[in-house]
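Given below, in the form of structure tokens, are the structures.
Common to both upcoming complexes is subunit A, partnered first by subunit B, then by subunit C.
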Partner chain A sequence: MHNTLTRVQNVFGFFTSVAFAVAAGIAMSVLLSPQAPSASLELKNVQVVKGRPHYYSTKREEYAHVKFDLDADLTSLFNWNTKQLYLSITASYPSSDPSTIPPSEAVIWDAIIPSDYAPLHPNTYIHPASKAKKSAKPKKKESGKPYPAGGSPGIVRLENQKPKYQITDVSGKIAKRGNATLSLHWNVQPWVGALVWTNKNSIGRWQGLQGGEAKFDFPPLKGTEVKKDDLKTETGGERNRGSPA
Partner chain B sequence: MFGSLATLQPRQLAAQVLNFALVLSTAFMLWKGLSVFTDSSSPIVVVLSGSMEPAFQRGDLLFLWNRGQETQVGEVVVYNVRGKDIPIVHRVIRRFGGGSAPLQLLTKGDNNAADDTELYARGQSYLDRSQDIVGSVVGYVPFVGYVTILLSEYPWLKTAMLIFMALTVVLQRE
Partner chain C sequence: MDQLIEQARTIYEGEIDFAGQRLSEFLTHALLTISGVIAFLAGFATQDIYQTLYIGLGGTALTFLVVVPPWPFYNQHPQPWLPVRTGRSALDGVSIEVDGKKLS
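Now for the complex of A and B:
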């Protein structure tokens, strides 16, 4: 009657049902964890120069190099179901027809901040040491953590941060575009369940993001007076993959 | 085991086969129904490559939603390269257009150093939201899809599984 095959089937079926119920419970339980994210984002400098999309391209387009200051406290976004946080700073500007076409947007900088419980992965953000510490101990071994020393995941303090990407418009012209906005976005990657993006409004226990926006204008095109050092971009954790990446 | 097969009458055997066919068609109906509900040709996909690590690992199951036409920067989308049938799961990093103009997107894998310009078809610099995108990721379950990766890498597993399932359904006497 109850041979081995039936027993194995019953156990496996029960295991599947329980695993499914636990996963659903974990996914829904994130709504109970309160969130109060806040950030202060400021533009430091923006320059527009002529460049090429890649080495062999013959197109000459205008590229904007945007440096910024960021002071964010996103620790409340990390709950029991957070695997990592994808942070990004984007520059958005109005389109050629603002009444019918929404603003264009491009990422200038991003970082992947894993939770402390996530397994170690080379594609992780390494928070730069603060300038004050650098002058005190010039060759101290970098802690290599995605948050500043003494902090916890979600705290990001950057000064005069170089962008990771130089951006252009699809038309190739980005100089002298006015009414642009620099804004902070995030994407919470859970262990299981729904992905969550930036919320500006408050929903239940989750408060919306306070701050995290800065308005600016793209300056006119600069010529040869811009030094090559000023146009260096930041490299991210994805370069640790070796080549080809 | 085969003795019981010999004593099955043709009517019972036909009933078992019909049962099996009903199970298969119900699964197919559920899949197509979900496809219509999400407006996506493939509402559940398995991550095949490591280009989105550490967010998505190989074998993760992703749930897609295709009814949001105004895809925002930072969303993870699944798209097919024009002319090829391989779905790629990457994050949107630039968007132009939308509203009355076609929405153009540029994507990049989190674990890739360069954006996807080289992956797109010849002469294509941006993805078109209405044509190339299969859906946008709204939820995920880790590891569950690894079975499909095994099935595609070891084709004999597929035949073995089908034969095993057919045998258990036919030989079970409820």
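Now for the complex of A and C:
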């Protein structure tokens, strides 16, 4: 500590130790905030149609188009160390030989839900306005928040939601598969600390997810009578990724 | 010119005395630890991690300001030099040898 340079080095060196200790404390403090996520997920409609993977493809595959209702209260997943929440809904279905081949899982819808403190990002998920208010055009500017007034980022209400992704199987056949499950998954992405995945079991002050699953069967292949409008998919803000807005 | 360079060197090096070195080390540890604890508690109380960030960085900036410049209070106990000895007695008890030849 005898000259200026040594003092700069010593202060900075000890600062890194303190910063690491505080970060570790923050990461551990997450365990103190109670969690009780709950969700109700219901299948609204599922249709299987023939399609091609891309415009010039000569291959014809079966695609499932799954619509669903979601009513989730994930408010308790947002604590002071939550940066954003990655939500996804998957459809999983057993393989032809369940004893040796694990079930297949495919994401049909996902969203990145930032906390109130996260900086504004073009991928921010804008929660849909509730049905009753749909006549009045939802004004995002009003509260500056991407969710309905009086709400919270953790409350997700989707009615008759279109999927983001149509799904198919490696074999190209997905019609008439039984015993499929629609389920809600998440990743809690913290400012500092560990990435936390969906927990179904209660650990300490954290309760597991209540609900968030729905059983269904894939229907037989539909003919050509399906309207194109019924098979529309939703895109999120991330569709602009890599290209100017 | 030499005096000017000497002055520049003094400012650049910013040397402090032994008591000041002990004090500055104590202040580094105390200020940074306290600002870290306050930053965590303030952030946890308000449930806003930005409080932690800004209080922590502010405390660190304050610590740099307090510890790094050679403030006068770090130079309150200058170490006195040994008294100057002149004449032959200056080399008493000192033996200098160069290439095996004894000089004194």
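One rule holds in what follows: the second predicted complex is superposed on the first by the 224 of 245 C-alpha atoms of A that agree within 3 Å, B and C clash if a C-alpha of one lies under 4 Å from a C-alpha of the other, contacts with A are read in each partner's own complex, and residues count from 1 in each chain.
Basically, a contact is a pair of C-beta atoms (placed from the backbone, for glycine too) under 8 Å apart; a residue touches a chain by one contact, two chains touch by 3 or more.
Being a predicted model, the structure only gives us computed values, none of them experimental.
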Could you tell me whether subunit B and subunit C fit or clash when both sit on subunit A in the superposition?
-> fit
State whether A:8 touches subunit B only (first), subunit C only (second), both chains, or neither.
-> second
Which holds for A:18: it touches subunit B only (first), subunit C only (second), both, or neither?
-> second
When the two structures are overlaid on chain A, which partner does A:191 contact: first (subunit B), second (subunit C), both, or neither?
-> both
Who does A:26 touch here: subunit B (first), subunit C (second), both, or neither?
-> second
Spatial angle subunit C-subunit A-subunit B, Cα centroids [nearest 10 degrees] = 40
If you stack the two complexes on chain A, which partner ends up touching A:47: first (subunit B), second (subunit C), both, or neither?
-> neither
Look at the residues of subunit A and decide whether subunit B or subunit C touches more of them.
-> B
Who does A:117 touch here: subunit B (first), subunit C (second), both, or neither?
-> second
Subunit C versus subunit B - closest C-alpha approach in the superposed model, Å | 12
Residue overlap on subunit A between the subunit B interface and the subunit C interface 191
Could you please specify the touching residues of subunit A with respect to subunit B in the complex?
-> 23, 27, 53-54, 83-84, 86, 88, 90, 95, 97, 100-102, 104-107, 110, 112, 114, 118-119, 121, 123-124, 165, 167, 169-170, 185-187, 189-195, 197-198, 236, 238-239, 241, 245
If you look only at subunit A, which of its residues touch subunit C in the complex?
-> 1-4, 7-8, 10-11, 14-15, 18-19, 21-22, 25-26, 29, 79-81, 117, 191
Which part of subunit C faces subunit A closely enough to touch in the complex?
-> 12-16, 20-21, 24-25, 28-29, 32-33, 35-36, 39-40, 43-44, 47-50, 52, 56, 60, 63-64, 67-70
In the complex formed with subunit A, which residues of subunit B make contact?
-> 53-55, 70, 72-76, 91, 93-101, 104, 109-114, 117, 125-126, 137-142
